[in-house]
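Note that chain A is present in both complexes that follow, paired respectively with chain B and with chain C.
Then we have the complex of A and B:
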């Protein structure tokens, strides 16, 4: 028994959801299927658009031949990236010609961000301006981002209020003193101090941050004191830790915590803490598992529901049938062990990149496993990398190359399938990590792919 | 001369560490100098096999006998560095039956316990062995952690009064009146533990005798003294798997060849190796075919290796030596025996002896023989006790179980900590509370990391070697920044940042050789975490960027927040206000903290 829809979106991350909603808003009947939980939970929850234009050429010729033992890395082999960029749109023209932004254009990013704003409402900020915001990262740096969760609203680096960064002795992700030191070294326009406090010690030494978030949600007693009060008490003695340039002591006006301030009642937890501390409270986005990422995932799945998109997870694509030379007739999905054909008039492939397994590889090469789409790559896997981990890594740009309408191209540069569109991480050409462009690329390509798929149906 | 010491030992590998321990225990005033961290050269780049001698039982029975003897010694004195895995020589249908018998007889002739089992029994012990493995010889191979072993030797030497200087490269061998009288060294960051960014100094160390224990680098030291040491460095690849497909050392039972051994080591298996002569021990190609050969050939013994995840590959250089005139073409035929080259007798340059050749398993025996030699030269009468005195950490290995009870660490993490630390478990773990896990892949806690920092300074690669932190599946992606954070209490920000970058880049080096499948996915995840989420690559603190903070979003209504930058962040502000002069000046500012760390 075939399961049919007009548009079939494969992949449940930011790009897939954007494409599904965009197609649904064009009036198409949309179904979204995903293999497993999206990689949103590994992401920071920030919506980056374009923060840097990284150098694609080294500052001096690279060494030829295989890697060499004992060779020390030359730290100046690659120039610094251009940025941080205040305006993500203006810099797009300086990206490589085959970058997805160059294909779909600045308006696609603008509309993708607008769609995102519409889906998440006041849970996110930044839509009032075209400019990037600079927010602290848990690495102690600041980075440009286009949209940020309300929990990071008080974190902006362009705000000069004295700031306290709080770390917990039982958490190892950062040391708050080194964090504050690094912010100061970046030249931030505010005075900042870091302090490591005892709080989470009340929990088992290796308690997950989700456990801490729940305790704050429920205001569970910790050694007899409610969690929020206990946390405020731990931080209280450090509210005057910040010393300004003249050696004077400032009372801090904002306090940053690792992003575990509640899960279901995050806003309430922040407000309660702010009230107790007499300072604004913000969260610093963390690595996986990321609460801001999980919260965003929840918001987006609600939006998908509201848009009338049917979706199912735990359903990997395991095969496909073509209709003639240039169209996909249906995909074959593994539904609880049985193979079921999923027919559609248009397919959006938003299966992710190397992390989300939308791209697969072995020693012989890199491939797109769902539709066997062409992935350009050097034949020799020793040309997939350069010596500097943060240099121009060819592997970081791996992916399917599409035309301007996001139809996948084959090895000859011809459209492989008329009824397929690609979006998000499976699209190559961007080094989203160094550019700080991952979410923006997903939004821009998701929007265009979804609309294009809906138009395909209407034809 | 007032500041003259008895002996300078050059080289902080297994031999040098063994020698400094022996010298110190015999009451000599000795200094060890090493240009990198301990094990920087060949010792840190081997597969960790504790030989039973079986590998040499046909071709080199003298080495085989030495191996089994020292194998027994190390199980005793270095129990916390050794895993008694046992080993097998397995025979496939195409491997020679005649050689199998020769191997068996050779083992017995060399006093190596050897037992023949059939294929079925071999697979019962190691279920991933190939179906067509016919039979195997069981021998007492083991796994040894070379880092832990060297660190323990150096620690014991220090306890007996020796000085150990790492990150101190020899820049000259001092010769006066046709006699070696010491060495000149260049401290990477001053004497003592290495501190990133701290400027170095030069030092002359005068000594009554110099021991050149630099292995594959012995020729370079020889050159500084004006003598020829004909070491023939030979490279070999080792490929690290993400799990232990086998718990026993698996050797292929055939005369010689590349890719014929799998060594289980801690959480991983290490596949080895190749044998190819190179000109320069520090500059030789690390090639794709070598990695592919490991996987293809060894999957004939363990088919699961074919599609298994590899974490990285690394190469080492053997310090092979043969007496002048031997003229062996193929490096695999060069003897694995060791040689003492007394430059007084050999080159009429008294005051220095080089020790070349040999292998990790016999490091202690080599150290004993050269220490005997040095004592004779210095007319110093003292007995060697290194075969009987346990190394720090192995003094009372039976207490391990008690520690695990005491600390309530019957969890896998606690067990692993105790296995790594041995009898030092109590000292290391009791001081740190809370003691969260810093490296999840290898189960390394804060206490172990801090202990290693106390010992090694801000060099996080030295911390890694002591603890195994960042050596698991994620290859540092999830823990480089955490390990670096543990430096923050003692070291200024710039030191922390540099140490973090150095470890991250070092981890990347080996992963380049494993960039496909799941490790490529891991590499991309690491890239996203460090570049996207943390912005390590574009951090204004480390780039030359002059950030105009006022040009960025300052919030929906910055004025209402009482922000001092006022409207400068709003949309219509032309260029905003440059809030500071950017990262550089401020970054320099934290050097003011640098001075107080100068004595580290």
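Then we have the complex of A and C:
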């Protein structure tokens, strides 16, 4: 006996969840397994589609001769990326031919975003238009994104209301004044000031962000004052900190906080603070630990449950068995030492890229560790990267190369397994970090992979 | 043909080691009666092997061999016998003028004087994403708790310096092990915590302090329960007697708010003896039941349900002699106690495995301990076999029987049931968080609602300490809320202490999934 299902999705991130729901909506019996708790909790919670089209060729040819330490080229000799893009769909044709978007098409992205909108409901905005929104992120830059959490709604850079950015000394990675300066330098169309207030000082110096969120969720008393009131009181004196170009003082109309305003009751915390401050309140998405990511994880796993998908975490795939040459019979999962077969008629591999560990690398090469799928790569390791850290890094586009139905291709360019589909970061061809396309690629390929897998079962 | 592709998730080791595991499994599995040699032969952590172990640990090179995926694990090859170095040209193997690195001599683990469990590989895997901190239920409510990232990899590094004590905050870790599940890099966080806590208790805790005495009593629940079960009714009364509880709170720090669980008037083992042991004989389908302390002394109905369900499916049930699984002892840093109990358990379970049985536990913390903590912390002969052959009761049936078919055929329980199910953290870490809901979701007459992924907050003995009681209830608040919101007025969980917390927070009666399975399939 094995743990059987019609479609088995491996991977618990955005691509895996999208594939699982898409397959379930086609009527398939779906199971999703992931090695660890979803990596969504490390994500910013922003859903980007395509923000930039980076150049893939330098303006003049690379230096001749054998490579030594990467391909030496002055970063200035690379053309600037095109963007920030107003419309991700319109720019797709200018991506490389083997980009996942080119394989599955603009409609796949459109439908992927529609499915996402349907799963998260009111919790996310941006679905009213094809165009990107510009949302400030905690590095002080502005990110083009297709969807954003409701908690970031008041943050949009296209809004011209004067803005206060609040920080806390104990959150060392988040410097509100530098942040505000960088925003101003980026040329945002609003007046902005940053200030550091005393609130988080009530907690230990390295208090966890979840501790702050819980205290606000529960409105816990801090030195006798309820947490939300204490926070509003700390910010109150700074509501006139913003000075406009003429030297006039404006009362701010919106206040940005690092994203820790509550966990389970985030909307309530935000509304309460807005009420006390007489200004809109927004959160600035941060790196991990990310409350917006955690909230998105909760939303999407509830959606999985509603769609009838069976899911479990803590079970890494450690092997597989083939049925003939071109089909997977079952995967082998590790349950704390015991190996358990998981049978399926179709498999969606959505295990992530190099960061998510869906791709593994060492000095010898880059490989896909679950099904040993082919990952094209230059034989010489020095051609995997270039010296400019932010340049056109070949490794960023490493991954499994599929056909337009997202079936993985082998070294000869033939379909490796008829009953396998790949989705998300494990698919090569995109430089998602530079393109700002990670979520969109996951949604588009997840949707197609899920539907394809369901069709495979129904054949 | 099974191809092992070496997922990196396997313990702290890299892919190379996983592949070897796969091969080893292929070669040695399905040979009941012949415990594997080799895999379990790794040096102990700082808890000395009784009497003889100390010298081996000090030798140093042993630790590197077992932990470093780059060197062969076969202790017979000559290359591993030599002293490993950092792989540079000043090799302790005599030195070499060659500029080439010798991969066989490359063993960074031995840079430090060893003796403790060597977790450098795991500490190096941490890239400080703080996913563990975000998942920690204690850090969420406790201002003073610096979180698993500190307790694990950071403290491990600090400890490399001789003058560094273990930070006392390690005793605030509740050992829920959620950080293990959260870590995308497979850092062995709970193993690090267990080791640090063991060292703290062993070397820094005042053995005459009331806290030590209290923790020792809590950790050794089996001892108290065994005594109490001699006169179960009197014990239940006496332990919950108001003035006695007040005194326990004041003197020992056992919170008076909590009610001690009732002791069964007949233990599971007494019932087992009285019914004449197994009613089904089947050399082809055998399981050894690890009932743990709680099913034996407090809720024998869970153990009886296990026996009846398994016999219904044609299994021969064995009930080997056994002691505590060690879970409460790990959580209190009482590793010597845990090891003593583990020796008995491993000996008897290996014998059962030799008779063709797999090991089945009904408590998810027991199965967690046998599967993960045993091989991580102890080097008892056969302990890896026990780990590889241990399963949770429902999990095993789902793998080996057509449970969905049997449930569909049964037509559901006699009376309609509505249940609020909570998945214990230790079930979550075994990939079992959803199995009860999944098993029963399509059964006629059963409505089972998952009350969310929060921790119940009791974490075994954590919530049984006066100084932790408030925090334990704060952690549990989310679960209590969701239970109140759920339709069902009966709670369900696999973990006995989660059950105590659920009952304490909501007043609901709590059942085990095996009881529902018995009611549905056997009745």
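Rule of thumb we're sticking to: the second predicted complex is superposed on the first by the 440 of 459 C-alpha atoms of A that agree within 3 Å, B and C clash if a C-alpha of one lies under 4 Å from a C-alpha of the other, contacts with A are read in each partner's own complex, and residues count from 1 in each chain.
Criterion: contacts are C-beta pairs under 8 Å (C-beta built on N, C-alpha and C of every residue); 3 or more make two chains touch, one makes a residue touch a chain.
Here the structure is a predicted model, which is why all the values come from computation and not from measurement.
In the superposition on chain A, A:385 makes contact with chain B only, while chain C stays out of contact range. In the superposition on chain A, A:339 makes contact with chain C only, not with chain B. Measured by the number of chain A residues touched, the leading partner among chain B and chain C is B. Judged by the touch definition given at the top, the superposed model places A:357 against both chain B and chain C.
Contact with chain B, but none with chain C, is seen for A:141 once the two complexes are overlaid on the shared chain.
Of the two partner chains, chain C is the only one touched by A:315; chain B is not. By the document's definition of touching, both partners, chain B and chain C, reach A:42. Applying the stated contact rule after C-alpha superposition, one finds that A:246 touches neither chain B nor chain C. Residue overlap on chain A between the chain B contacts of one complex and the chain C contacts of the other covers 42, 206, 288, 357, 360, 362.
Within the complex formed with chain C, the chain A residues making contact are 1-3, 33, 35-37, 39, 41-42, 203-204, 206-211, 214, 218, 264, 288-290, 294, 301, 305, 310-322, 332-340, 356-357, 360, 362, 369-372. If you check the complex, the residues on chain A that touch chain B are 42-44, 48, 51-52, 54, 65-71, 73, 80-81, 83-84, 86, 125-126, 128-134, 137-144, 153, 156-161, 169-175, 177-178, 181-189, 201, 205-206, 253, 285-288, 353-355, 357, 360-363, 366, 380-382, 384-385, 387-390, 393, 395-396, 432-434, 436, 438. Those residues of chain C whose C-beta lies close enough to touch chain A in the complex are 1-10, 15, 18, 22, 25, 129-131, 133-136, 139-144, 146-147, 181-184, 186, 368, 371-372, 375, 384, 387-391, 395, 398-402, 428-435, 438, 450, 453, 474, 477-478. Looking at the complex, you find that chain B touches chain A at residues 235, 281-288, 292, 295, 315, 317, 413, 434-438, 446, 478, 481-482, 484-489, 492-494, 496-497, 504-505, 508-509, 512-513, 515-517, 520-521, 523-525, 527-545, 547-556, 558, 561-565, 568-569, 571, 576, 579-583, 585-587, 589-590.
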